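One structure is given below, encoded as structure tokens.
Order of writing sets the labels: A, B, C, D and E. Residues in every chain begin at 1.
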Amino acid sequence: MPGAKPSGAGKPIVLATVSRTWGETVAVDGLSIDIPAGSFTALLGPSGCGKSTTLRMIAGLENVSSGRILIGGEDVTGRPSAKRDLAMVFQSYALFPHLNVGENIIFGLKVRRVGRTERDRRLARVADLLGLGQLLERKPGQLSGGQQQRVALGRAIIGEKPICLMDEPLSNLDAKLRHEMRVEIRALQQQLGFTMVYVTHDQVEAITMADQVVLLNGGRLEQVASPRDLYEKPATPFAARFIGTPPMNLFPANAFRKLCTAPDFKLGLRPEAMHLEDGGPVNASVRAVEYLGADVLADCEVAGTGFQVRLPASRAFTPGQSVQLGFSPDDLHVFDADTGRRRDDLISEFGALLRS
Amino acid sequence: MPGAKPSGAGKPIVLATVSRTWGETVAVDGLSIDIPAGSFTALLGPSGCGKSTTLRMIAGLENVSSGRILIGGEDVTGRPSAKRDLAMVFQSYALFPHLNVGENIIFGLKVRRVGRTERDRRLARVADLLGLGQLLERKPGQLSGGQQQRVALGRAIIGEKPICLMDEPLSNLDAKLRHEMRVEIRALQQQLGFTMVYVTHDQVEAITMADQVVLLNGGRLEQVASPRDLYEKPATPFAARFIGTPPMNLFPANAFRKLCTAPDFKLGLRPEAMHLEDGGPVNASVRAVEYLGADVLADCEVAGTGFQVRLPASRAFTPGQSVQLGFSPDDLHVFDADTGRRRDDLISEFGALLRS
Amino acid sequence: MTGAGFSFDRVLNTFAAWALALLWVLPLAYAIWTAFHPAAYEARFELLAPLTLDNFVKAWDAAPFARYFLNTFLLVSMILAGQFFLGTLAAFAFARFQFPGRNILFTLVLLQLLVMPDILMVENYQTMRMLNLVDTIPAIALPYIASGFGIFLLRQTFMTIPKELDEAARIEGASVLGVLWRVYIPLAKPTYLAYGLVSVSHHWNNFLWPLIVTNSVDTRPVTVGLSIFSAIDSGVEWSVINAATLMTSGPLLIAFLLFQRQFVQSFMRAGIK
Amino acid sequence: QAVDLQFYFPVAVGGKAADTIQELTDAYVAQNPDVTIDAVYAGSYQDTVAKAITASRGGNPPQLSVILSADMFTLIDEDLIQPFDDYLTSDEDKKWVEGFYPAFMENSQTGGKTYGIPFQRSTPVLYWNKEAFEAAGLDPEVAPATWDEMVEFGKKLTKKDDSGNVTQWGVRIPSSGFPYWLFQGLAIENGAILANADGNKTNFDDPKVVEALQYLVDLSTKHEVMAPGIIEWGATPKAFFEGQTAMMWTSTGNLTNVRDNAPFKFGVAMLPEKAQRGAPTGGGNFYLFKGASDEQNKAAVKFVQWITAPEQSAKWTIATGYVAPRAETWETDTMKAYAADFPAVLVARDQLDFAKAELATYQNQRVTGIFNDALAAAITGQKDAETALKEAQAQADEILSEYR
Amino acid sequence: MKRGIALKRDWIHGWLLLLPAMVFLFAFTHIPAVTTFLNSFFSTPRGRRPAKFIGLSNYERMLDDPVFWKVLWNNVWFAFGTIPVSVGLAIVMALWVNDRLVGRSFVRMAYFTPTVLPLIAVANIWMFFYTPGFGLVDQITGALFGWPASNYLGNPDTALNAIIVVTVWKEAGFFMIFYLAALQAIPVTLKEAAQIEGAGRWTIFWRITFPLLMPTTLFVCVNAVINSFRLVDHIFILTDGGPDNASALLLFYIYEVAFRFWETAYGATLTVALLVLLSLLAIGQFFFFDRKVHYK
């Protein structure tokens, strides 16, 4: 917020081989992450992969089964939440049902005995930012889902803490509001300089907002990278398919006759990386077409492997039709089929082979 | 589900000038909608516009302040939920905390005394479909947000009711799962033929799944149309800007010198409808660039009006740079600035003028 | 693992909780002390005082306790079942239905809390005689079966149960009673346990009305046996009274020890995560 | 066809009593197949009255019940009982009635009719701790015989520790619950009678009563030989056993208890005299309830005669410590053997010669309640003895005037 | 209209659900209570003199009755002495016991004992505690501070307070059970959210837990008010109302009048007075607060 002084710049967070188990269930498994001070880190991963659990451990709401957590260089592993000086938006909002919207938002300020005028000033600003101005007197039970989520958001950002944790804070907002909020949150974070850890299942959010993305899979770290790197150089087939909608197409190398000598590799190509090219290297047949507005998503097949291509909506495709597709060799991704590791060294070789 | 016989095809739903108010607040305001039997209707609109309330009135959970609701031709306005024979996914899931996942899902079957073997058979299938197989013994409190949402989904679809209401059922799922679920839900609906009313804030969902989209704004009906029509022929500037991400750009007609004779109109152009074209009619300067993966989103300005364009990520843009953009006249939308109505009759005229 | 301030707080709380607990358990501790020692040690607390079971023998011999236990057991089961049944239905009506006369009827329920049943003893005796129930266990139970306390308590609990769960069940086709049975009752389990414990111990220990409305060994509850020792013409014999007390309320204490684990089990809290 | 009788009895002295009554009833029924008797334990005296009245009003009275002798007027007033006289017509029967100690009969007859037959009756006596007497330099075999002696002994027996806290009091006259009863001992000794035989006039403000009360108050305030404040009845035997007091006044019903539990040698004596010896009687009588058939009443009377007969009465007395109400009982071999073994039981019997009726009037509980409050007020120093008693008398007059 | 039907259905459901309970309530409470009320306008029937209508005489007598005023005043003092303390303690106990605490089972059991032990026994035990000289309180105060023996129950200044202590002991453990059940129903996330906001235990309690416990507090308070006029059983054994009515409460006095003096009509009159008083206090309290307590 303009004019508001950062209450202290962000603090770095370090997770050192942190695990969390419930009986048999391993929710988080030996996770080590470095979150630099003032950075915006997105936690990304499929449902149930341990994002919320990780966040809750940072917040001190969940016990750590093993490993250590450091905030600002201090070991806070056993420290209660109240002493960690951070803010959080809960996936389930966790609004106080007996307090009205305004009281919910300024709850933390009251706890910290921030003066009344200061409180009112900040509340007005946050309410304005989140479009809650008309609703300040309502009880949470009288709000729509999205409105509740905004109240939760307001409660987290009003405190201007050095660390802010958000668990899917925008999942119930419509696209427009979501886009606005994304911009606002990012701006706020950069302006105040706090450290943000942001759980989301929406990669657009992760990619547009984050400085670094932490990709989790089944409680394990899959990849940490900048959004661009994650998109352009996914380290594993999982990362490759997880990031990008529709997901990257993966072909066994022998789906292409020219590569049948290299069956131990998987080739990746994003749907938007392929385009219609008469005489292109990929000769596919269209199975189905999904209308997306600006484009269509064509479900195609080559040598028994299904894949998707984003094609301009301006041309009409019918199922059964056969299309020829091309791509630039730079857009190719190669993975070792056994280890699952990326093989950048092979890209140009394979690309050349295919286009030959 | 293959092999399962539809328990009766879908039933049509009719809302006749339905309103709902709480004291001063008007949540739904004289809404009339026709939902054909077996159709997939999406309710779309900004946060707090009355989507959930509408759905709850159809379900019989909310009293109707005025107006009537008909299901299958019968007036059900005063009929209790249990007798309306429909299924529903709640925005907040509403899972029974004392029952485990399996019991939650088969709750309705038990109520209706469906035999044990049949129950088990259906449960196995639904659990499989939703990837909940491992979690059937867990209590809702031991699930992640996305898992909870899937349980709620399972509870709604297992009953194979003639009507299914869903309130943002996928908001907490990751993109991949979401995409899968979208396809599954749609397939299920078409196969069983039930009538679906689907609340979402995600237009991609609305557009890809629905037969018709109902767009609400502030409790009022904004437009009912097929997804393609809604996207291609938004009836109002609100509809135009609400559908499509990033939203359609709206220019006052006099932003273009060639149209300064027609100040009473607004011109709309989608970000993806504009492309780089040397000597194109729009001469804009780039203000900022946002990286989206396959493309970049450029924030540009022309004659004091900001707008956005989707441009290929392959070219680099720097703020301050000046670009020339073109578009096809078919992609132009014209709205009356006063009434807010669409003016299809003017499109070719204005298009020609601009390209001249 | 825990920080210093944190654990200090903990220690202080633990200490206070224990101090209070010791204070609270004193009467029971005293009862145990006297019951197992000869009367001479009623007021002298010596570590090496001789132990004895004589007090229990004396108490047990004073009345046909085996039969009394059976009667009491039947009595409290009957009352509890009735109270749960009637209370649940009524509380549900008050918590979730709008109907004319609701406030008046609820006032009548609250009034029952105020009216002490003993005051109405003479009238109720007449009713029992009219029903030809004098000297039966149902006669002891009937006046307590509709409990204002229970209705009030369950209503308060039902009202805290999230409305959506009710709605979800109704959508699934559950009838009014189905919703009650499948949603409200399971979610109010801690309250039922609490109320059950309280109701059972109250009626287990109730004395005057059972004494008046019954005449025979076949119907009388244990308290009647116990009361023989509380008559104090010859001075209080704490050791025997306390032995009798422990003997009669022993089953209650054991039941509580068994149930308390369940009672504080957090099955509900996990749910609303 | 056997006659059915229902008979309520209270228990005020612990577990044995109920068993004994049951045994006696069973024996009787075994001997007399023409009756069945349902002996119903009905709680304390209070509970028994409540049960009897509730049942009667509910249309279901017992035929026979043991209830406090002092409640006679209340039961008459409630019209619940009938005199025994109608069924005691033969000369033999009349002689039988005369066989009870007159002191017990004072509370059992009014208006020339016999309403109650004494059964579980008692009277207060003085118990003393012989070892404490010895320690205080007194003759352990001699109890105080007069009020003055009691004060004098008491002073010697009152012991204090270094910090001035009393560790042993001289005497203990309990004053909780029903203080009028023991106080009545003092009043009678001073020559005062608290209520007339018709139960419609009290003499609470009689100067002799005031004097007696003053004496009681002085014991703790002036002479400091008794603990101040209200003294708990129920804890008194325990206090005696614990050496908290060297003498105590309490019912003969405690004899067995004291014999079993006192860890020292003790003596039992009549209450000390002032103008005369004296003590109130107490305890329960048999009453014959209205609403029964003639056969039932006859059978009930027969049963009462049987259970008060020497053999049964002896058994009862030995089991409970109550005073056998007929002189002939004391002549039985069982009783003689018992008394020889435990001579203290004779004290109560001998004291009966000086005993007077327990305070009993119409609306008895209310009137004694008023009197109790007055005593408590004086004992706790809220009022002086005279005002307290004057006020009590005024209130009692108001209540009783309608019965004159 | 259709909406009307929906409402009517609610009515019928409501009434049907209530019917069984109401039958019993009426049969065993309300009808007898009305008879009692009517009796207050008649004289007490004594065997030979049937009841006759005497209008308000009983009420006049009540207003002139010094004992009535005394016990009423005692009762007010008793209510102020017991309600806040026992409710406060109940909350604290429930919080402790709901927490992870060393030896929680024992502590919980200890707090629960008052509910399990029958009053007859409890009263006798407390009588021993209070007994001058060798009683437990005197033994402890004597050993620790060298205090002289004190006659708590036999002294008009302390008798009522001694009874208050016993009542608090009994009530706090009893109410704790309901708070314990209510604590189970509070979602943990709310506490977590408050912790994140930097709230300490104290703040969480005052701003979150306590407000969310309000429905239970209302329940407990209504019951506490009622009990403060109702719990008299132990008085019979401990002091029997004495000395000189110093520890008699209104209901105790009613008992005395009705079941010792057998003045049922005057007892009925006093009962009516008690009911009116309690209705004003407890039911008034309920209807005043109920709306505020449930935020839905």
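In this section, a contact is a pair of C-beta atoms (placed from the backbone, for glycine too) under 8 Å apart; a residue touches a chain by one contact, two chains touch by 3 or more.
None of these values were measured; they are calculated from a predicted model.
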**OP:** Count the smallest number of chain-to-chain hops linking subunit B with subunit D, moving only between touching chains.
**Re:** 2
Original post:
Looking at B-C and C-D, which one has the bigger number of contacting C-beta pairs?
Top reply: C-D
Original post:
If you take the mean of the Cα atoms for each chain, which one ends up farthest from subunit A?
Top reply: D
**OP:** Using mean C-alpha positions as chain centres, tell me how far subunit A is from subunit E in Å, no decimals.
**Re:** 57
**OP:** Would you mind pulling out the distance in Å between where the CA atoms of subunit C average out and where those of subunit E do?
**Re:** 15
Subject >> Whole-Å separation of chain centres (CA-atom averages), subunit A against subunit D >> reply: 90
Original post:
Mind pulling the subunit B residues that touch 2 or more other chains?
Top reply: 80, 92, 142
Subject >> For subunit D, residues that touch 2 or more chains besides their own >> reply: 50, 234-235, 238, 242
Original post:
For subunit E, what residues touch not just one other chain but two or more?
Top reply: 124, 127-128, 134-135, 187, 189, 237, 296
Subject >> Contact set on subunit B toward subunit A in their complex >> reply: 22, 25, 44-48, 51-53, 91-92, 142-147, 150, 167-168, 171-179, 201-204, 207-208, 227-228, 231, 241-247, 270, 272-273, 290-294, 310
**OP:** Going by the contact rule at the top, pick out the subunit E residues touching subunit C in the complex.
**Re:** 7, 10-15, 17-18, 20-25, 27-33, 35-36, 89, 92-93, 96-99, 101-122, 124-129, 134-136, 139, 169, 173-174, 177-178, 180-182, 184-189, 201, 215-216, 218-219, 222-223, 226, 229-230, 237, 251, 254-255, 258, 264, 267, 271, 274-275, 278-279, 282-283, 286-287, 294, 296
Subject >> Complex interface listing, subunit A residues touching subunit E >> reply: 59-61, 80-82, 85-88, 90, 92, 94-99, 107-108, 110-112, 139, 141, 155, 159
Original post:
Which residues, counting only subunit E, touch subunit A once they are in their complex?
Top reply: 187, 189-190, 192-200, 203, 207-208, 211-212, 214, 295-296
Original post:
Can you name the residues of subunit E that touch subunit D in the complex?
Top reply: 46-48, 124, 127-128, 131-135, 142, 146-149, 151, 153-156, 237, 239-240, 242-246, 256, 259-263
